[in-house]
Each structure stands twice: as C-alpha cells, then as structure tokens.
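Read from first to last, the chains carry the letters A, B and C; within each, the first residue is number 1.
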Amino acid sequence: MSAITYTVAELADRFGLTFSGDGTHVIEGVGTLAGAGPSQLSFLSNSKYTAQLTATRAGVVVVREENLADCPGAALVARDPYVAYAQIAALFERLPAAPPGIHPSAVIAAGARVSGSASIGPCCVIENGAVIEDGAILGPHCIIGEDCTVGAQSRLVARVTLVTRVTLGRRVLVHPGAVIGSDGFGLAFDRSASDHGSWIKLPQLGGVRIGDDCEIGANTTIDRGALDDTVLEEDVRLDNQIQIAHNVHVGAHTAMAGCAAVAGSAKIGRYCMIGGNAGVLGHLELADRVTITAKSLVTHSIREPGEYSSGVPLQDNRQWRKNAARFKHLDEYARRLSALEKDSNNE
Amino acid sequence: MSAITYTVAELADRFGLTFSGDGTHVIEGVGTLAGAGPSQLSFLSNSKYTAQLTATRAGVVVVREENLADCPGAALVARDPYVAYAQIAALFERLPAAPPGIHPSAVIAAGARVSGSASIGPCCVIENGAVIEDGAILGPHCIIGEDCTVGAQSRLVARVTLVTRVTLGRRVLVHPGAVIGSDGFGLAFDRSASDHGSWIKLPQLGGVRIGDDCEIGANTTIDRGALDDTVLEEDVRLDNQIQIAHNVHVGAHTAMAGCAAVAGSAKIGRYCMIGGNAGVLGHLELADRVTITAKSLVTHSIREPGEYSSGVPLQDNRQWRKNAARFKHLDEYARRLSALEKDSNNE
Amino acid sequence: MSAITYTVAELADRFGLTFSGDGTHVIEGVGTLAGAGPSQLSFLSNSKYTAQLTATRAGVVVVREENLADCPGAALVARDPYVAYAQIAALFERLPAAPPGIHPSAVIAAGARVSGSASIGPCCVIENGAVIEDGAILGPHCIIGEDCTVGAQSRLVARVTLVTRVTLGRRVLVHPGAVIGSDGFGLAFDRSASDHGSWIKLPQLGGVRIGDDCEIGANTTIDRGALDDTVLEEDVRLDNQIQIAHNVHVGAHTAMAGCAAVAGSAKIGRYCMIGGNAGVLGHLELADRVTITAKSLVTHSIREPGEYSSGVPLQDNRQWRKNAARFKHLDEYARRLSALEKDSNNE
C-alpha cells in the first residue's frame, strides 16, 4: 500500500491557503501538535495551545495569520484553521475498499433496484421496492427494508437497518447499529379490554426522510412517523445512541451529541445544538439556533435563540445530600422568607 | 398490489360503531384531520382540534357522540375514538410478506425446533434447543440462542438477538437491534487479587421471561437474571433504547418511554408509566399505577399510585447558572432562614 | 448432557476454603438462599439476609466465619463469600459450544489472519488486516473490520462490530450489539459554506485499545480516536448502552453502570465507579477511586477520590412542581435572605 503524500505547496494550492516556509516539504499524514513528526501536518485552532505550537515537531502547521510568528517551521495560513485541517485530514483517511458490485452472500429481492456503481457488502439483505442509488456503499450486514431508498454516494458503514419507507438523501453517512424507520411508540389504552384495560398498538404508517449530508451515529434509533413522516433536513449531525421518536422534525445543520433524545412530534429548528443526553419532550417547538446544554430536559417550547439549561451542580455526596434534602422544602422556604420580609417591613 | 378498501358501513359493522352519513362511501386509508382526503378516514380524540374537524376533507371521521355535530361529512361514533381509530388503522397496515419456511441463507442447528408455519428470514441463526412456535416471524438477521423460545405469532422485525434462556410469549413484537438475555452486570470485587484488587464476574445463570403481547423497542436491552429470571408480564410496552437490568420484574400493562432504565432486581408494578430517560435504582419496588415523569430518577420505593418527578426547570443559561450556583448552598440558606426566624420571634 | 457436580469438600479444596458439615454432599448448581434446594449451593454476603440463612434448604452455603453458627447445614467459610460464590458459580455455567474452526457461512478476507484454535460463528465477516488470536470465540454475526485484533481467549458473544483499528486484549468479553471503533463525533463548522454555514466532518484517524479482561455490555458504543486512540485499560467493566466518545481514557478496574456516557477526551481514573446514566463532560479528568452516583453530570474535573452527586430528590408531582418552580428564583431568594440579615444586624 503506497503512502498518500502531498507537498505543503500542493495543500496550499488545493485549499486556497497561503504558506510560509518550505513548499516542497512532503506531508504523509496528520497529528496533534504534541505528537506530530516532520512528515505530518498539525493545526492550532485554540490559542490556549500556543505553547504546544512553539514546541511542535510537525512538518507544517495550519494556523491563523496571528499565530504565524509562533510557528517553528512551515505553516499554512487559514481564516479557520480547524475547517482547513478537517479538509486536509480527509485526504489522509483510508476508507475500506468498497468495489462496485454485490457480494455473493448478499440477499437481494427480485423487486429491489441496485445501481451498478453501488457496493453491497457481505450478508446485506435488500427487500422489494428498495432502491440503492449510484455510488452508495453498504458495508456488511446492512438490511434495507421495503420501499427504502439509499441516496447516491451515501455510506452505511456496517450493520445498519432501514426498516421501511425510509429515504436517505445523498452523501448520508450511517454508523453501525443504527436503526432507522422502526415503529414509532404509538399506543392507545383500551379501558374496555379484559382485566382493567390493555394497550392497542397504533400502526405506524408514515416513513422517515433524511436529507443530504446527514450523519447518523452508532446505535442511534429514528422511528418512522405514525401518519406523516419523521424528517431530518440536510446536514443534520447525530452522534451515537440518540433516540428520535416518530414525527420529529429536525431542521438543517442541527447537531446532537450522544444519547440525546427527542420525543414524538417535537420540532427542532435549524442550526440548533443539543447537548449529550439532553431531552426534548413531545410536541414542543425549538426555534433556530437554540443550544441545549448536556443532560438538560426541555419541557416547554423555546421561541428565542440562545443557550438553555437545567440541572444542579455536582458536589461531594455528603454536601449534596444536605442540599438535595432541602430542595424538597423550597416552596416552604420561599413562603417563610416572604413572611419574614413582611414582618420586617411592618416593624 | 390491489388497494385495501372498506366502506364506512363495513367499518361500523366490524368494530361495533354507529355511523352517520353515506355508509357506502369507500375508504382506502387513514390520515390526519388536516391531511386526509375523501378516500381516507381520520379521527378526533382531543377536543382542542375541533377546528380541524370542521375543516377536514376526510371521507369519514371517528368521533365521540358529542363531536358529531361538528363533522362536515360521514362519521363513525365511538366511545373512545383513539382506540377505534387504532383498530381501524391496523386494517390498512401493509406488513412485509413473511411466507412460511426457512430462507436458504439461515443457519438452523440440528437441535432447534422450528414450526412449519413459522417464517425465518435471511441470515437468521437458530441455535440448539431453540423453539420457534407456530406462525412466528423472524425477519432478517435474527439470532436465537440456545434454549430460547419464540412464542406463536410473535414477530421479530429484523436483527433481534435472543442470547440464551429467553422465552417470548405469544404475539410479542420485537424491533431491530434489541438484545434480550445478555449477561446481567454482576461483579464481585476481589480485594485479594494482584495489584489493588480486580473484578470477578458472576455467571448469569437465569433467563428472561416475556409475557404475551409485549412490545420491545429498537436497540432496547434486557439482561437475563443472575439466578432467577428477569420477567416482563403480559402487555408490557417498551420503547427504544430502554435498559432492563437482571432480575427486574415489570408488571403487566406497564409502558416505558424511550431511554428509560431500570437497575437490577427492581420490581415495577402493573399499569405503570415510566417517562423517557427516567431511571429506577436497583432493588426498589414501585406500586401499581405509578407514573414517573421524563428524566426523573427514582431513588426510593413507591408504595402509593400517583405521579412522581424529580429535576429542575429549564431556563436561559445565564439565569440558570445563577440559580444552580445557589443550589450548592441550600442547606446553609435554610439554616440562616431558621436563625432569622428565631431572632425575629425573640424580638 | 451430564450434570456438572462437585462435592462440598472438592469445592473447599479447589478454592482454599474450609468447610463444616458433610464434605461428601454433592452439589449440582447454585441458587438463592430462598430458592436453593439440597443439591444447590448458596451464599450469604450481606448480614441483613441472616433470617434467610437460618431458613435455607440449600445443600451448602458460603458464609463468613461469623455467620457459621446460623448455618442450618453444610457451610463453606470464606473471607469474602461473594467472591468465593462468584468463583464457584462459574463452574456451573454452561457456555454455548464453540468448536474451533470457521463456520462455512462466515466471510473471511484473504488478508485476515485467524488462529486455528479460534471459533468463528455463522455469518461473521472478517476484513483484511484483521487478526483473531488463539482461542478467541466469535459468536454469530460478528464483524471485524480492517486492522482490528481480537486477543486470545476473548469472546464476542454475537453480533459485535469492530469497525477499524480496534485492538482487544486477552479474555475480553463483548456482548451483542456493541459497536467499537465507530467514527468519533468530530465536526468543524464552516461559516463560509453556502447558506449560513454547514458542518465539515473531521476524519477519525485513531483507533481503540481495550485492555485484558475488559467487559463491554450490550449495545454499548466506543468511538475510535480522532488522532490518538481511545483507551480502556485492563479490567474495565462496562454495562449495557454506555457511550464512550473519541479519545476517552478509562483507567484500569473502573466500572460503569448502564447508560453512562463519557464525552470526548475525558480521562477517568482507575478504580472509579460511574453510576447508571451518569455523564462526564468532555476533556475533564477524574482522579482514581472516584464514585459518581446514578444520573449525575460531572461538569468539572475531580481531583480527590470520593463520592460525587448531582440531581434533586424524587417527590410527588404536585409537591415537586411547587419546589421546582421556586428553583427558578433561588438566586433572588439568596439575595433577599442576605438583605434581611443585613437589616436584622443593623437594628
């Protein structure tokens, strides 16, 4: 396997950056400021690591203009070094080979349509009415249920399940264990049933539409809609183990960190950031550009952009126990405080 | 594929409802009040949507007697329109074909017993001692481990794993990615081990028993018991990504929303409702008809039916930070308040 | 299948315990104090169950010296009965047969290296550059991606995915649905992109290193590092549905309960205990021997061993609502309290 190499000048040219130092220097990979060697590229995005910059052995560093002076060797100057680094680093990523064609162990229904340029890995199962578009890559063990579409150039890394009526746009990336299009959790309680009543399932007749350039993390679940569809607009980025309930609508460019959960029919705006293990209750609406911090629970709709939080701070367990016990009497304390104030004013 | 159709009169007859309007009107599907067209049925369950009822184009609407006057067209009258709608909508659901028989790519151990009326999908693996009863449907990629039983008419949608000693009742529905019967998390800390001690695993020798008519969501995990079994009684409904630890016992008709978690040996009553991402600590008992709101943590047993909560409200991050910082001193504030009251009384 | 049997004396001899009563008594399994019969062994670890000990029908009970007098029959005396029980119970566990060799339905790349003593189950997929060491067991449907190593005697129960650049040590146990080595969630926001900006993915070029004797629960996800590796040292024990983000480092002998989550680049010490659904924010450091209680969120680094908590207690919803509403004004209350004190002092 031959190494992937670029000269500093080639990288500058490719991404429209300027460089200082030796443009012929050859780069074979990327690394951290602390760990990169002379054949590697690194970057400085956060000025608090400037000390690491001055000490780095990296062959070239992507920096802002203002940090150029602190660069010990070659530099590439970018308005946003993190973005430029992301683009350059992608050149050095080695994705698993995915030759066009269908692995002999895959099971393709007669009524499925698979593009000749798609790559279908071992043990994939593709049901009737499914469409796999040009250049799509299905790693091993993917299951594409009836009436699902995998858009052009999308990649299902491995063991992804699309249950039914799921449409992925173009360049969608889905990680292992994700389940998209499973039944929404819709139940009616039938009081007249034997015993003291029991549950009746509502059939989940909608689908899921996922826009271009979305990313869906490992073991994330996205249920299909009850009647209408569950929707992710383009460029939505979901981390691992996220739960998206039926009929949720997520606006474009919104990102959610691991273990976040959105209950049924909630509508999340564009450019939102939902922190790790944060939750949004059903039927709420969040405006564009709302940020929810980790583990917060959204219990009412949010009309204004901004950052929102709930929760209480971590403390040593002994101290915390005392404070937590007091929480149970907060309402009483507030009343007693008001009473004291009244007394005080009346004196 | 011919359409599924019913007349309004046929639907009334089938579910014991009365109708008003044209009984010969043909219905081909269901939809929301806002979206349904003349060939579709809709329903009104919550009176706050009465405005949508008067404007609906639906061919027929399931309503309570009291809403009949607001129906612009044909109506089916039900005591509980949501339940009636659920029953009717099920008629229009198209489930994937599941012909009896075993897909040639499935791997069935010699010591497994599979009913001739069961449907076993591609790449399923069925181990020795497993039993698949009449009419059970295993979608693609299900793994049925040793000594597991899938009850009659149960459906494992796809990629479900039953590890060992798992018994599913009849008509159990399990969604993709669910893992049932995995090892409980049982560890003993051996202080005498090298270093400063290390963990010893407790073998998990029990199983899992799941009652009739249960539903298990996508990527939900249910561990098998350490000695006795983990048990879900009948008609328990679990949403996605729920974690049920070893030796938990869940009473009949209890429902849990996504990402709820129940720790080892907890006993949940019948007809409980556990909110999304709520947690129950180990060895606790919850009475029948207990409701836990989303993201609450149950830290003590609950003897009385009712609704229980923990957590603090969401606020703008700036305001929240101020209040959260004060939480760390709640105990001190309570003492200072009491001291002030004492002073005030002594004056 | 012949029964596994040991006499009381054999068990004492094997684990260096002393016994009292009939050493020739034959034991065929283990059970709880309440449930075990004469052919079964039980144990008493927690003195609060002493009443069960006096009433037990178990053939032999593992007890501390101090509980020997309460034993109705034969006893094995151990310094730590729970540890001794764990060791003994393991003798009675029947693991599924895993004969060396490769199941014909498995798909092994030409460039993979599989030990002759390893057992590769149905439908496993092993990619180029993967190494399966001696005595390793892969249950059905495991996917071992490029450049992954499964250490000697490790067991992947079923349907485990190692994505790429994952190294498991020896005797690692991984439960179904776990995904190890998936892409870390690394994104740069490109403000210059069309519209109002969009996300650019950072390639995740690192791997995952998992030490000897680790256990990884069902549907747990562990992302690979962005540049350096994500690391679990030896004897780390992860329950189900845990999320470990990229570049996290977990010290040896640390255990995490179900649904815990650790954000990127956090460093957890040795011998830590992370409670169920607890969270640790990114880039934080936790010292050795830190315990975090269930559902707490760690928002700052912890330098001292000890137990830490956040959250508020569960209450009846009506009471809780009143207290929770007051939380939004805590800062104001604290100010008003101080003002009153000032008034009081000035009088």
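The criterion applied here is as follows: a residue touches a chain if its C-beta (ideal position, glycine included) is under 8 Å from a C-beta of that chain, and two chains touch if they have at least 3 such contacts.
If you want to know which protein each chain is, UniProt gives these names: A, B, C = UDP-3-O-acylglucosamine N-acyltransferase.
On a predicted model such as this, the values are computed, not experimentally measured, just so you know.
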Size of the rotation, in steps of 5 degrees, that lays the CA trace of chain B over chain C: 120
Type of chain A:chain C copy interface by residue overlap (half), same or different: different
Whole-Å gap between the CA centroids of chain A and chain C: 25
Multi-chain contact residues (two or more partners), chain C: 105, 123, 141, 159, 177, 219, 241, 259, 277, 311-313, 315, 325, 327, 329-330, 333, 337, 340, 344
Contact set on chain A toward chain C in their complex: 29-32, 35, 79-80, 82-83, 85-87, 89-90, 92-93, 96-97, 103, 105, 121-123, 139-141, 157-159, 173, 175-177, 213, 215, 217-219, 235, 237, 239-241, 252-253, 255, 257-259, 271, 276-277, 294-295, 311-317, 320-321, 324-325, 327-331, 333-334, 337, 340-341, 344
Partner chain C, residues of chain B touching it in the complex: 105, 107, 123, 125, 127-128, 141, 143, 145-146, 159, 161, 163-164, 177, 179, 182-183, 185-192, 195-203, 205, 219, 221, 223, 227-228, 241, 243, 245, 259, 261, 263, 277, 279, 281, 291-293, 296-300, 306-313, 315, 319, 322-323, 325-327, 329-330, 333, 336-337, 340, 343-344
